[in-house]
Amino acid sequence: MPLVRIDALASRPGRLEALGRAVHEALIETLGIPPDDHFQILTAHDGTRSTLRYGDYLDVARDEGIVYVAITLRAGRTPDRKRALYRRIAELAEEYAGTEPRNVFVALTENGPADWSLGNGGAQYVGA
Amino acid sequence: MPLVRIDALASRPGRLEALGRAVHEALIETLGIPPDDHFQILTAHDGTRSTLRYGDYLDVARDEGIVYVAITLRAGRTPDRKRALYRRIAELAEEYAGTEPRNVFVALTENGPADWSLGNGGAQYVGA
Amino acid sequence: MPLVRIDALASRPGRLEALGRAVHEALIETLGIPPDDHFQILTAHDGTRSTLRYGDYLDVARDEGIVYVAITLRAGRTPDRKRALYRRIAELAEEYAGTEPRNVFVALTENGPADWSLGNGGAQYVGA
């Protein structure tokens, strides 16, 4: 169910895929998402036609390695679970993609069980 | 008011437009959205610079025909209305775009009346 | 903290950057966002591979100058603050980017303090 958008500036081939893998494994490990519950939109921005902006808010020195991870998921995870998720995304983004933790930005948006259709025109989390 | 994002992998010309039409007509038919309340961001991903990931979660066999439909709308629709919306999006996506229902993924995010500005710097749903 | 997505059709160079600046300054002026709290994803659509759709809903005559501004932010701003934000975005989009106010569309999505990780794997708004 989580729908994940990852936006980064274009760089070496394979980085975006590695970031996608990092976020997906972090979701599995920390929130118990099933491995095949894998839904991602991965975009590398060319820096001209489309681009990213970032500041040093909270004294974090960000640079062009910035990665925006936006996750839509059902409400119900505790702050502790979310904290674990953020920590693991940052760790795996560094391990798999060489992205420094200071450049990993995550925002969650929660919705309800009736807000998902996972194929075949159904509303699977509320039946039918 | 609904703001609709549709993301698919690039394929034959016209598919994205057909998907946009399918979602828009489904919103009109099932939620009573006015026909000119039509706000969509349609993106075809090239599969390299930007791409989509998907799994077979809930035993739905998805493939590169996957379509992500993300709709932001005001809170207040019942689960039954949402269920009707999903069913109709899947039907029309197949009819207009040849997209199989198993490949149609929809996620809704709700907000409130003060969360919209529909032009001219106004907050039309709360006055002024 | 606000994460801002701006989507427009490709036009003259610099327009997207000007729109980003307009939205950022409006957030600073009306919501009191710190200047370095600057997180944006700016996309110019080519009109073929990716594109925008729009209608004349509420009798606003929109055209290919349409700009979609989607802002994710923590809950808590009053309708009055949001109203001020919309007004200022429209004013500055016109001043900086030459975009007519009728073409400025804004949607907000709110979340909670635990829904943000602003780098280093932390959950800064809830501690640690």
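Points worth noting:
Which chain is which? They are A, B and C, in the order written, and residues in each are numbered from 1.
We take it that a contact is a pair of C-beta atoms (placed from the backbone, for glycine too) under 8 Å apart; a residue touches a chain by one contact, two chains touch by 3 or more.
What you see is a predicted model; the values in this text were computed from it and never measured.
Both chain B and chain C derive from one sequence, and where they touch, under half of the residue numbers involved are common to the two copies. Annotation, chain A versus chain C: rotation angle of 120 degrees from the Cα superposition, expressed as a multiple of 5. If you average the Cα atoms of chain B and of chain C, the two centres end up 20 Å apart. For chain B, the set of residues that touch two or more other chains comprises 109.
On chain B, the positions that touch chain A within their shared complex are 7, 45, 49-58, 60, 62, 68, 70, 79, 82-83, 86-91, 101-110. Of all the residues in chain C, the ones that touch chain A in their complex are 1, 3, 10, 16-17, 20, 24, 34-44, 46, 72, 109, 111-112, 114-124, 126, 128.
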